[in-house]
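Shared between the two complexes below is chain A, which pairs with chain B and chain C, respectively.
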Partner chain A sequence: MHNSSTQPHSPNPSAEITGLDTLYEIETPEGIDLTSRLAGPVPRLLAYSVDLFYRTVILVILGIAVTFAGNAGVGLWLLISFLLEWFYPVVFEVLRGGQTPGKRAFSIAVVNDNLTPIGWGPSIMRNLLRFADFLPFGYCAGIISMTCSRDFQRLGDHAAGTLVVHRDQAAAPAALPQVTPMAPPRGLQLEDQQAIVSLVERSGELSRARQQELADLLQPVTGKPGDDGLNRLHGIGRWLLGARSADDNLRSADRQVGGQ
Partner chain B sequence: MKQRDFEQRHQSLWLQLENTLAGYCKHAPIEANGSAMVEDLPASYRRLCQQLAVAKERQYTSNLIARLNQLVMACHQRLYQEKSVSRNRWLEYLFSGFPRALREQARFVWLSCALFLAPALVMGLGSYFNDSLVYAVLSPEQVLQIESMYDPANQVLGRERGSDTDLQMFGFYIKNNIGIAFRTFASGILFGIGSIFFIVFNGVFLGAIFGHITRVGFVTTFYPFVIGHGAFELTAIVFAGAAGLRLGHSLVSPGNMTRRQSLREAGREAMKIMYGTFLMLVIAAFLEAFWSSSTEVSIAVKLAVGSFFWLLVLGYCFLAGRRLPTTPSAGGRL
Partner chain C sequence: MNLDRLAVRARQRSSWESIDLGILLARRHWLQLATLWLLPAAVLFLVLALLFSDSPNWVIFAVWWLKPLFDRLPLLVASRKLFNEPMSNREALVQFRRANRTDWFAWLTWRRLSFTRAFDLPVTVLENARGKARSTRISLLHRKAANAASWLHIVGVHVEMILGMGLAALLYLMLPEQLEIDWMPILNDSNATYAWIANGCSLLIMAAVAPFYVCGGFMLYIGRRVDLEAWDIEIHFRKLRARLDARQQRTAQPHSTAKTTSTAASLVCALSLLFLTTLAGPQPAHADAATPAQSEVLIDEVLAQDEFHQREKVSNWRLRDFESREYRFPDWFIAFIEWLEGLGGDDDIDEGADEDLSIGPLLAGIIEVLLWILAISLVAYLLWHFRDHLRGLLGYRPMKKIAESHTPETLFGLDVRRESLPDDVTNEVLRLWNAGQQREAMGLLYRASLSNLISRFDCAFRDHHTEAECALLVRQEAERDPRLQPALVQFFGLLTKTWQRQAYAHQPPQSTQLENLCTQWQQVFHETDSIRDRDRERGRNRDQKQEVQP
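The block that comes next holds the complex of A and B.
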């Protein structure tokens, strides 16, 4: 993610992002680039099926309930099924921060294409056009439109100017390995430093053996094979992050204070 | 500055911001962690933005940048909400906005009207003079059903004879008719083809029924029934078609804009028509369920009221909102 910001500013910010990442970047009025991860067809379809399930359950329960209410009950049921069909997503998107229950389950959300919260107009628009996306059957038009567009927009999204993005959960700060910080050798390039720091940050996610394998690639730098080399890399990483002694451990202290 | 020092220096602001945002979400500030709330969100947000920019420039680790980006995003969502300043926008829309939107899109309204009326006239005259033409559109069972609905020998009027309280029919009309209008509009995005199809289809269908019923001679039951809600329903279908055509036209002929921009512009304009259309269809469903089907009101009254509705709707579309708003709030929308 941070690689994209190393390049000079261009008039079209999203063109800066290269590679496979489906990132969406806009420049805010404050002059910074805001980045968001776009949600692809798969989580969106899954979220839709969750919503469809909820809606069906509501209608079935209601259908059983209104059998006792006679014809007026049927009228009520038809009315509610109409509202659920067309306005269920609208109400949730506007009042619940862009998330229907299904979208919440997959932590994705609808936003305007300037990454601001969606309002009534665009939400009604994109949900009315759901019918066109459904054509000719099973959301064919919508899926084709999503796969063809850069930002995974279905037809309704195009017309309303909306996007579906991942709502990232706050990640816990990485726990750093408890090793004595060590000054890096001279002549370490910026990219090398970043690689080492990122290895240290991911030390909790990678197995020890895999880390050793990676560390062995850097034997010219560490000068030691196996576990010693890895420890040395961890030490260098912590030094690069600013630690100067083994118990100088701001990161883990954060975790207790910040809670998230 | 090393990342660790940077984090240490600004940690308290980030915690405060996180705390403040969590407070907005739950409508009650969280006093946990001993961290205070941010007093001036915009100012703190600008500082946060600056810190994110610095962190990116100095190439701090992706963890930190992700955290800051997320925090900035949350603040951005909080600060830049689209809220209307003016309170009586709905009233203004009803009295002048909707008819004005229709007249702005007059081309499409007239086109939609022609697409609806021409097939309806052809089919209507056709099935009036030729008793077999109606079967080209409807199955014999459907024709029988419709005939029995409007048979003057019946006591009950309406689409589903004998089955009904008015409320049930209201639900049915809402779901069915508004669904048709929404589909007519939505399918317009397929280069207008969908809207054209739905309008012409409705024109053919209704024309055949009108012609056939008139030929059979159930005039005294059929016309008093349809005239009242027809004023709202038929016009609303035409308007929904016009909104759909506007969408389609923006893709077929985007002019100086890209197709994306053109579509968004058209979407905004079409929505202005759709709100009013929705309202008209709700009125139509209400009339159809509770007024048109009533057997106690005499035919003359129904025809008179129905004609009044037609005059009302047409007068509204042609005349309402002609005068420019005198209040300076014309540009006062956000």
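The block that comes next holds the complex of A and C.
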């Protein structure tokens, strides 16, 4: 690592921050922990711009189409622009699982703050209050509120009790190294197992040297240094993923079901 | 760099999530980062303001152009804060020259307008990479994150602009309406004082936004490194290693001899584990293990067997495939659109001028189809709306009542369905009367009348009507409906009164009176029967006549 000087300062433990993250965690009355990844101002602003672009395109096309109709056309155009401004997001959010086209483009979605799908009431509320977020110009209030509030909420979100969260598509299962699966030793906790599995799944992206470096950390587990140790770790990872023989490829299907 | 003291949770993130995390980090240390950005910039701004006091816009432009210089101190501090290493403002300001030593010229000239500045700066400032090393490093880092980094830059530029305009708009909103201000001298640059105020505000806004921009790019860089170098895995592995070592020491300490050979023992243990797990078939357990090491081997061997591993087969329902989520136009839709285009294109053939405007025929086709749908639905609506008039014109009786009214099955507790009546009503009434069941007899007679009125004469009785109201209704109905003869109305009035006396006052009629009613009943309803038959006959004749006419 090229990072510059690591001076031996005596750390002040009270000032230390650990585990800073953008996760939003709630517990249901049934005792189930739900976790969601909050979406911050940057993707949200971009998603809004995409929606604004779509709306503008619709209005421009409509504007050209209604020029034949004279004053009646202007009236129609104004009506439709009103509806688009206020109800385009509402309709999409409620009927398309919290995603307007712009939000879909950035894989984010609106949910209630208990992570249930958003309904008509909250959606109308948060979209009508975009007016407050717009003040004094160009969504200044919204940008400041999003940046400063704990859960990246703008004023409309605060009023309606909603959040915007990331909703990425699950990645396709990666190809695994073809090594013989072997049983892990005793005493591996869930987190350790997850780390080993993660190493195996990312073996295609990480360099071989870096993987060996990581495997050397676990020499007490693998019992061998260098490449053999890494292979053994891969074997343990495959075993943990459910493979029991070298050409056992059930894993990807299993995980898809289990992961949903 | 000590990964154990990382202030953020190390996990794989998407680019957008990394930027969000950067916002979070910048918010934590915003005051310090903004101050460190602002101090050098403000000094420069003031010096330039004194030197070139008559060109305020060039001064702010110079400060804006030198942004890459000012971005480096917040970045340095953010990188320390990420590993929970404290750094005071004084310490940081001392490093200003050192931080700007690498590649400052490149960043101020050909890289000044780079869209990925916040993302690339850490390579320069923290890794001190330049030249070829830098370009290979950058190309590796850019592979997944360049897109998000550029968008971060674009958003940053726009947020700065929006906040500037927002501040101006806020001031304008707050001005009292009575205050009449001549805007022109402020808006054009002739008034230097206002320009200086405006530029000072822009400087403050730049300093306020800079921490978020710098930290967003920095966390994007960190996220990419977590991805490439598997920091999250390393942290977990180190924790696991520390735990294993601690356990090793605990078990080794009681045996004074094993102290130095702890690693060797673990090696032996793991090797034998490998040996045993590769053996096929379960091994018989040995109870006599000589040393703790041997017994550990035994334990591992037993635990590796299938009995200690739960294998579950989970079956559940899921959607068969998710491909249908992608929008794909069905064939019929394409065919429909082509048909529409053809429809609109027909009219344009003679003109030939609008051929290059491809949307024209489609639009015309859509409008044509819409107009046709509108016209057809209008005709259908008119037909439906005036259906009674049309019916009258064609010579049919209006069927409004039957269509609209929902005939009740019981009235004031009496069953008025036709099925509940005996075939010969009057005989049954007389039989009951003679058997001494006067109330039942009267009830049946009244009930039969109601039922007949409903089913034959379409009297619109409702559940909530009383007997008197029913009689009134029949009287009113008689004025409109010729089928209700005066005799019938009169009879029904009389019957109602008699029934009310029987039902509520318990005063049965005389026997002769009842017999009278029975004969009247037969007359009234049978006569109307025959009248109706005649009517129907006449109607059929008229139909035939109409058919003959054309």
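The working rule: the second predicted complex is superposed on the first by the 193 of 260 C-alpha atoms of A that agree within 3 Å, B and C clash if a C-alpha of one lies under 4 Å from a C-alpha of the other, contacts with A are read in each partner's own complex, and residues count from 1 in each chain.
The criterion applied here is as follows: a contact is a pair of C-beta atoms (placed from the backbone, for glycine too) under 8 Å apart; a residue touches a chain by one contact, two chains touch by 3 or more.
What you are looking at is a predicted structure, and each value in this text was computed from that prediction instead of being measured.
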Partner chain(s) touched by A:Leu34 [first = chain B, second = chain C, both, neither]: first
Touched partner set for A:Arg96, first chain B, second chain C, both or neither: neither
Partner chain in contact with A:Ser198 - chain B first, chain C second, else both or neither: both
Touched partner set for A:Leu79, first chain B, second chain C, both or neither: first
Partner chain(s) touched by A:Arg208 [first = chain B, second = chain C, both, neither]: neither
First (chain B), second (chain C), both or neither touched by A:Phe131: first
Which superposed partner A:Asp168 touches (first chain B, second chain C, both, neither): both
Common ground on chain A, meaning residues reached by chain C in one complex and by chain B in the other: 1-2, 6, 168, 194, 198, 257-258, 260
Residues of chain A defined as touching chain C within the complex: 1-4, 6-7, 9, 11-12, 15-23, 37-43, 45-46, 65, 106-108, 136-140, 143, 147-148, 152, 166, 168, 182-183, 185-189, 191-192, 194-195, 198-199, 202, 205-206, 210-211, 214, 217-218, 220-224, 232, 257-258, 260
Residues on chain C engaged by chain A in the complex (per definition of touch): 1-2, 5-9, 11, 14, 16-17, 19-21, 23-25, 27-28, 79, 81, 84-86, 126-129, 151-152, 155, 158-159, 162-163, 165-166, 168-170, 173, 212, 216, 227-230, 232-234, 236-241, 244-245, 247-248, 263, 266-267, 269-271, 273-274, 277-278, 299-300, 303-304, 309, 314, 316, 318, 363
Chain B contact footprint on chain A (complex, rising order): 1-2, 5-6, 28, 30-36, 70-72, 74-79, 81-82, 85-86, 97, 111-112, 114-117, 119, 121, 124-125, 128-132, 135, 141, 155, 158-161, 168, 170-171, 173-174, 190, 194, 197-198, 201, 240-243, 250, 254, 257-260
Chain B - residues contacting chain A, complex: 2-5, 7-8, 11, 14-15, 18, 32-33, 45-46, 49-50, 52-53, 56-57, 59-63, 65-67, 69-70, 72-73, 76-77, 80-82, 163-165, 167-172, 174-175, 178-179, 182-183, 185-190, 194, 247, 260, 263-264, 266-268, 271, 274
